[in-house]
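In the two assemblies presented below, chain A is common to both, partnered first by chain B and then by chain C.
Entry: the complex of A and B
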């Protein structure tokens, strides 16, 4: 375990060094992130402006969902996207061979090899939005701690789904678009689940569990869901992590490696 | 105990078959037909510790597939493989830290960073201490004459330097079984010689076992006493390099310098002409008719000089592949 932490530290310091070769990227990332946030806030603002609201969600409460969504986006573009989208490239170019030959879990290598600082602005703005909404609603500090738990479960769910999609590239090789589809579906997490018709809500809870990514943590933060949502999210996260691990080992049996 | 033991190894791939043209593409998209391709069929051999063995075969003969089964990257369809006392596909740490694979056409170094950064990652993964790493990098970079290049971003290195750095990265953990797939691909002659020299020295210094494929016969002749030859997935030769020439090309190369130019047509009766350039000509003559043919050339033509030698190995190999299946 300690060895893995040591490796992780070297992975990340190397990755950041590589990314910082391109300094202008950071400014662009910060700019895009701010643009994205302003866009979703504006959409929400227009909606609430006309006097309508999502059933059961006040303006500040909906803001918190947007904040959590932005935070998750930041996490995924910092930790998940740079690694998991690369699995496809490893398979296409045959460099997965090098990964498989290392005396270390290949899932760990593929999931943690790099980190990209370009998601940091999203993380920052996300937290800022959550805090703004939270202060307006006078949420007590303890609630923030409690809501971190379902947030971590949400991340685990997202990671597992994404990793499994990446792993299917072992069979389909060019699967790049599929991870984009996943990202598209995740966009639904921008607003509270109450914003969607029932059928969609079922889909986003049971098929692509977007509900657990943003709405559940937000409800926990607002102290309205109790423990149930978190428990379900936790069970789902653990199950999906196991499935993803098993699925990767299964997929590797079919790996034929790109020919020279 | 042999380092590598391969017994009746086979690999069968399903490969999708696609007709050319739009119609073919549509059928391919909706209803795929697969053909079973036997990439490797019933291959058996053993390699002893410290040997350097050349692995020959045309493109698509099954060399890379075999190497990948030996390194545990792909699962054999049938047969048994044992490398350094382990079953490769189980990918145990004890196995992985003893072997390495270098692929001339793929790179593991991080493009934007100095090679040293990539070495640090590998060192952490293989559990090499900082001191051991420093020592090892010093030793190998001296053997490869890479001093000073390891601090530059990999993208700024020449192809030859990059290949050397790749070799270094692949050898950090002191593996004693090396699988090299076209390690000199695309390198200029000097860089090829340098890589070759390095491999020879490495083999002598560490008693490492090396299995090497290359399209440059010079690599094979310089390094390998023993060669394995694979053709259409089957092992057709396993023995010394010299023996390969005798076995597949029982003929000699005769180079003649004449007093005056002869046309190719005039010379064609004396043997299999390889090339004619003014007064110079090069023939391949069957071993059994050699003395007769030479006597005839000396009697009929005005000869200034004549030498007899083994034909170049490239031609021998080329003939074997052209001939198609060769009886064992």
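Entry: the complex of A and C
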């Protein structure tokens, strides 16, 4: 375990050192992320002009969902996208061989090898939005700690789904953009589930569990869902993590290597 | 003239064959454009409660049109061009007796043909699921829509190819594209028809090229009020402007180009 932490530190310090070569791009990323937040808020505002609203969600409450969504986006562009989108290339070019030869878990290597600071502004602005909404609604500090639990479950769910999609490239080498489909569907997390028609809600709860990524943490923060939402999210997260791990080992049996 | 025609034909068939080869990938790209469908759900639901001046069916049709417009106008030239410049592959293209842009133009255009059958299939599926939204535009509307969407594709391509020229000076031109994409996303009418924007934002948006990329063609198709003549003229003006800027940057950039790695 300790060894993994040490490796992680080496991985990430080299990755950050490499990314710091492009400092101006970091400024652009910060601008982009601020612009993205303004855009999301504008998109939400369109529903709240003329006194309309999502049923059961006041403006500040909906803001918290936007904040959590922004936070998740930042998380995925910092930790998930740079790693998991590369699995396909490893398979395509046969460099997965080198990963498999290393004396550590290949899933760990593929999931944590690099980190990209580009998502940090998103994480920052996401937290700022959550805090703004939270202060306006006078949420007590303890609730933030409680809501971290479903948030972490949400991250685990997202990671597992993404990793499994990446792992399918062992069979279908050419579908590197399958994660883009997932990313497109995740956009649904911008709004609380109450904003969607029933069919959409079913889809985003049972097929692509977007509901657990943003709505459940927001409801926990607002002290609404009680413990039930968190428990379901937790069970789902743990199940998916196991499935992802098993799926990867299963997929590896079909790996035939390329060009080496 | 005859030679030009032959070149065009060859390019079109080659790139079409190439695109059809990657069918599965193409299908996934179509599916990844699911944002209008998601927003359709939110807006039809919101229109049942609030007063937005448009009915739920209007919203459903509008976002279906947005989906179609985005399928027709999607452009990715900046990522390919950036790679060509950074890896020095542009050098080989420059040796050919034809402007390198034609490679990109034809790969985009033929990809459209390969992608369209699947997009149409999705639209049919949508109308089966939501029969209330079925509508049959007349021939003139369809013709105007295709013209507007084609022009929107041209404008989108010109803009992105102009941004791509920045790759001659910096290594990550695509981060510029990401910044640009934000404005595109929020001002073009992709997230909501311009008709529901607040007055002030709409006025500002209309001074930019963005609404003409999505809102204008989509509105034509579903019959929302638009100023046709003005719209087309403004689009042509933006196209001309970006074309001029593009050619200027291209000439400047080529002097800068060092053919790294080739």
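Rule of thumb we're sticking to: the second predicted complex is superposed on the first by the 259 of 260 C-alpha atoms of A that agree within 3 Å, B and C clash if a C-alpha of one lies under 4 Å from a C-alpha of the other, contacts with A are read in each partner's own complex, and residues count from 1 in each chain.
The definition used in the following text is that contacts are C-beta pairs under 8 Å (C-beta built on N, C-alpha and C of every residue); 3 or more make two chains touch, one makes a residue touch a chain.
Keep in mind that this is a model prediction, so the values were computed, not measured.
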Chain B and chain C placed together on chain A: clash or fit? fit
- [ ] Could you tell me if A:135 is touching chain B, chain C, both of them or neither one (first, second, both, neither)?
- [x] neither
Item to complete: Report for A:228: first if it touches chain B alone, second if chain C alone, otherwise both or neither.
Response: neither
Note to self: If we overlay the two complexes on their shared chain A, which of chain B and chain C does A:18 touch? Say first, second, both or neither.
What the structure shows: first
Using the superposition on chain A described above, determine whether A:200 touches chain B (first), chain C (second), both, or neither. second
(message) One more residue to check, A:148. First (chain B), second (chain C), both or neither?
(response) neither
**Partner chain in contact with A:239 - chain B first, chain C second, else both or neither** = neither
Note, angle between chain B and chain C viewed from the Cα centre of chain A, nearest 10 degrees, works out at 80
In this superposition, the partner of chain A with more touched residues, chain B or chain C, is C
Overlaying both structures gives a minimum C-alpha distance between chain B and chain C, in Å, of 6
In chain A, both chain B and chain C touch residues none
Per the touch rule above, chain A residues touching chain C in the complex are 22, 24-25, 28-29, 31-32, 35-36, 39, 42-43, 46-47, 49-55, 172, 174-178, 180-181, 183-185, 187-188, 191, 195-197, 199-200
Interface with chain A, chain C side, in the complex: residues 22, 24-25, 28-29, 31-35, 38, 41-42, 44-46, 49-52, 170-172, 175-176, 178-179, 182-183, 185-186, 191-192, 196-198, 201
Per the touch rule, the chain A residues reaching chain B in their complex are 3, 6-7, 10-11, 14, 17-18, 21, 93-95, 97-98, 100-104, 109, 253, 255-257, 259-260
Per the touch rule, the chain B residues reaching chain A in their complex are 13, 64, 68, 71-75, 91, 93, 96-97, 99-101, 103, 105-108, 110, 112-113, 117-118, 120-122, 124-127, 153, 181-182
